[in-house]
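What follows is a structure written as structure tokens; I'll ask about it next.
Labels run A, B and C following the written order; every chain starts at residue 1.
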């Protein structure tokens, strides 16, 4: 029966080409506007590490106090003193500090030209904590951290550029005039948004080239290439005094595998802040936070407001298109009341009439979905109009978006057709047959 | 085949109740050709729509092919219309968007018949009414008589037990009307039960039996005194 | 035109009437809010930066080796000398940042050293005595820096220069009486820094919601950013020679010392590109919402045409009867126009509530401002005109229905 309904539907759609075109366009425009904006929203609001996002936490300690902090919230990173103290206490099963660094490397093939290369200074736990996959070699160990070794892990892409993709483990690489030993090459890994560095860096910037041993960076006095935020009077002068200041720049992460560990860690943070208060370093009572990945992304407002606004407006637009479609379908179906009466008299059940018109609407939805796909594909290039290139490139037409576009178009149109088709199915068989 | 006892049909509005049929009794035997006559507004079309299960009734009993139909739901009624009843309307009621073949196919589709059988039946039915060569034409391209023959083919294609005709020649000229009537008589000779509503006495005379409706009731023309004054009175009160 | 019979007729077309009214209500809500956002974004776009944008470009210069402060300082001086010698270059200045860069350095500013809550926030530029001339900003009071006031700033060195040049917006914020020149300000330090000059306008490094309260508030300190990472060179080309200068400059720098990185992708930006990047989202938002508004109005209009056409088709007989009973073309036309007006007014009544509801949501969620009434009024006018315009063609067709239709069967 489905093919019969489809034949009837197509025939009927051909009979009113203007009306059909109007509905198809409404659905097409509506669904494509929603899908384009959704593709961006999906990219910026997704869970970057779904398998572990509820076990990874950012500890925050208020070292600025109620007068200087941001509306009562502790800063989003730690100063050097607190960062090192939390690591020394080692109250989590895994923990790391992170800060972004920018170094120079020789252009492969031409030793006289330099290119800049960006990466993160991290600790050994970084790799197992965040499930970084390895192509060659391994992460360095905790004892390497202690030894402040010149160890580095390259990204697959950087290894491709520098070593032609060969196994570079054990080789040396010179960055900004210092030598590092390659201990591993990470397989392509770039969670988006880059949750572990959002405070300091753009959450969607180019993927890092390397991960380098943090203590080594500190020894070389390699400064953060990201954010540094200070409060009060700036009394430091030079690197060592800066480390002792209240400037926050180090991003801490801890892994806590059970709710009891989380509770214990929270107690530990409270106690730490209380100790600082007793020691006279903080003139305020403990103000700490412990947020997991999604809580952290929310707090850091990773989703640009433009993404939400455009998604909301586009959805509103789609709803109007659907209301429009309901009206047009109603008009179209009821215009054929006479035919429905005859079909009913000839033995069509209400369900059959209902199904016939829903299939017709489904055909409109499919056509609208195909138009929507074309418009979505065209509109993807327009995403760059609204967002920076690094966000725009995240929006792309993949298989799931194609499926979603068609599905949304068809289901939404069928949903819009529920009422008009119900009205059509209510047409009485007798009514149209009155000979007067 | 078709038996109504004490059947009544009341139309209610906020203001008035009107009886379209009142204590209505009729019994059509299998294989009969019955003409139903009556003045305009007497209730003969109401009778036909109820007989064809297009409308429900208010009281009484209606047995169609031995089945009491008053308790059947909408779906069951649709199925019976589809399988047991063939309709021929005064206004033909062909679907203008469909060609002759597709029009005849409509009831067969709802019966869920396989394509080869459908095709066989459609072509047989069109052959029967002499329009096999016009299968690809659209209703608008046919004359009134041809359209009515398509409608008859549509009614016949499903091999119904009961054929209901409502003024089948009402919109046709004499020549065409005769052709259609001859077709109905032929179908009757082959065993179909036919109930035909008409106000044309000449047409009614060709049927085996005549039933006259006045004021929503079957009357015996010879005995009923109302016969003589009925027309004017009935027309004002009753929906037809 | 009598309204009563029209309302009675509409009651018999509840679904269609409600759908059109709902569509008008939603369209009003979206269009009004979109227009408001578009206007806000576009007004951003045209804000001047105060600098000579037509002739400026910036070079992002990373050092290839870890220079000491002294080494970096002499490299910078040599670079600037090389840049200034280029035929197409008017002047060049070292800097930590540039207006509209999208982020950078800002300091809290207080009027007294004891103050805990700062008075305001300044976007900080550090450069030498060439910056004001290079940017082409106008010094409206006081003087420029002298070469001996400029000091080198190494890694995490915290120098509080005794003198500062501020933007007028900054001066007015701190000293509303207009006597800022010669006054001290305190920037996260107990040491004062004295205002020796005021420039007419110098936009901040970032133009985002956070910095909106401090718009155009900036200061310049006489310091050279001699840190290992690198710095920006701001270069002003001679009038009309921007392209030539942009080609010469990186070559000259690489020719002098190869141990540097100027990214081929965005290491060299004309100020037009800088402005485009800074306002990319604003412009994109305006374009996107503009497109949505136009398509939305078109679809709503087409929907009204479609439904009205259907109604006219459905009521041909009725119209024929009216015509037979003496209604003129004009009467029929007015009937449908009035009918649409009534539906539109109903939709608009709901739509105005939705408009403010949506605005309220945007205000609480996205820190937008409250919409002025003018937007709602113009939205209402647009939709009324749209409705009347859309209904005109089918209404005209209805008015041409012949009285003969009354006698034809349905």
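One rule holds for everything that comes next: a contact is a pair of C-beta atoms (placed from the backbone, for glycine too) under 8 Å apart; a residue touches a chain by one contact, two chains touch by 3 or more.
In UniProt terms, the chains line up like this: A, B = ABC transporter ATP-binding protein; C = ABC transporter permease.
Only a predicted model underlies this, so the values are computations on that prediction, with no experimental measurement involved.
Viewed as a network of touching protein chains, the structure reduces to a simple linear path. Chain centres here are C-alpha means, and the one lying farthest from chain C (ABC transporter permease) is B. Here the chain at the heart of the structure, going by C-alpha means, is A. Averaging Cα coordinates per chain places chain A and chain C (ABC transporter permease) 25 Å apart. Chain centres here are Cα averages; for chain B and chain C (ABC transporter permease) they lie 73 Å apart. Annotation: 67 Å between the Cα-based centres of chain A and chain B. With touch defined as above, chain B holds no residue shared between interfaces to two or more other chains.
In chain A, no residue reaches two or more other chains under the touch definition. In chain C (ABC transporter permease), no position touches at least two other chains. Chain A makes touch with chain C (ABC transporter permease) in their complex at residues 19, 22, 25-26, 29, 33, 67-68, 102, 104, 112-116, 176-178, 220-221, 223, 225, 230-239, 241-242, 304-306, 308-310, 313-314, 316-317, 319-321, 323-324, 326-328, 330-332, 334-335, 382, 384-388, 419, 423.
Listed in rising order, the residues of chain B touching chain A in the complex are 45, 49, 52, 54-55, 74-75, 78-83, 87, 89-91, 93-95, 97-98, 106-107, 109-112, 154, 166-167, 170, 240.
Chain A makes touch with chain B in their complex at residues 1, 4, 11-12, 15, 338-339, 341-352, 428-430, 432-436.
Every residue of chain C (ABC transporter permease) that touches chain A in the complex is listed here, in rising order: 15-16, 19-20, 22-23, 26-27, 29-30, 33-34, 37, 62-66, 108, 116-117, 154-159, 188-190, 209, 227-229, 258-261, 263, 277, 280-281, 283-285, 287-289, 292, 295-296, 299-300, 302-303, 306-307, 309-311, 313-314, 358, 362, 365-366.
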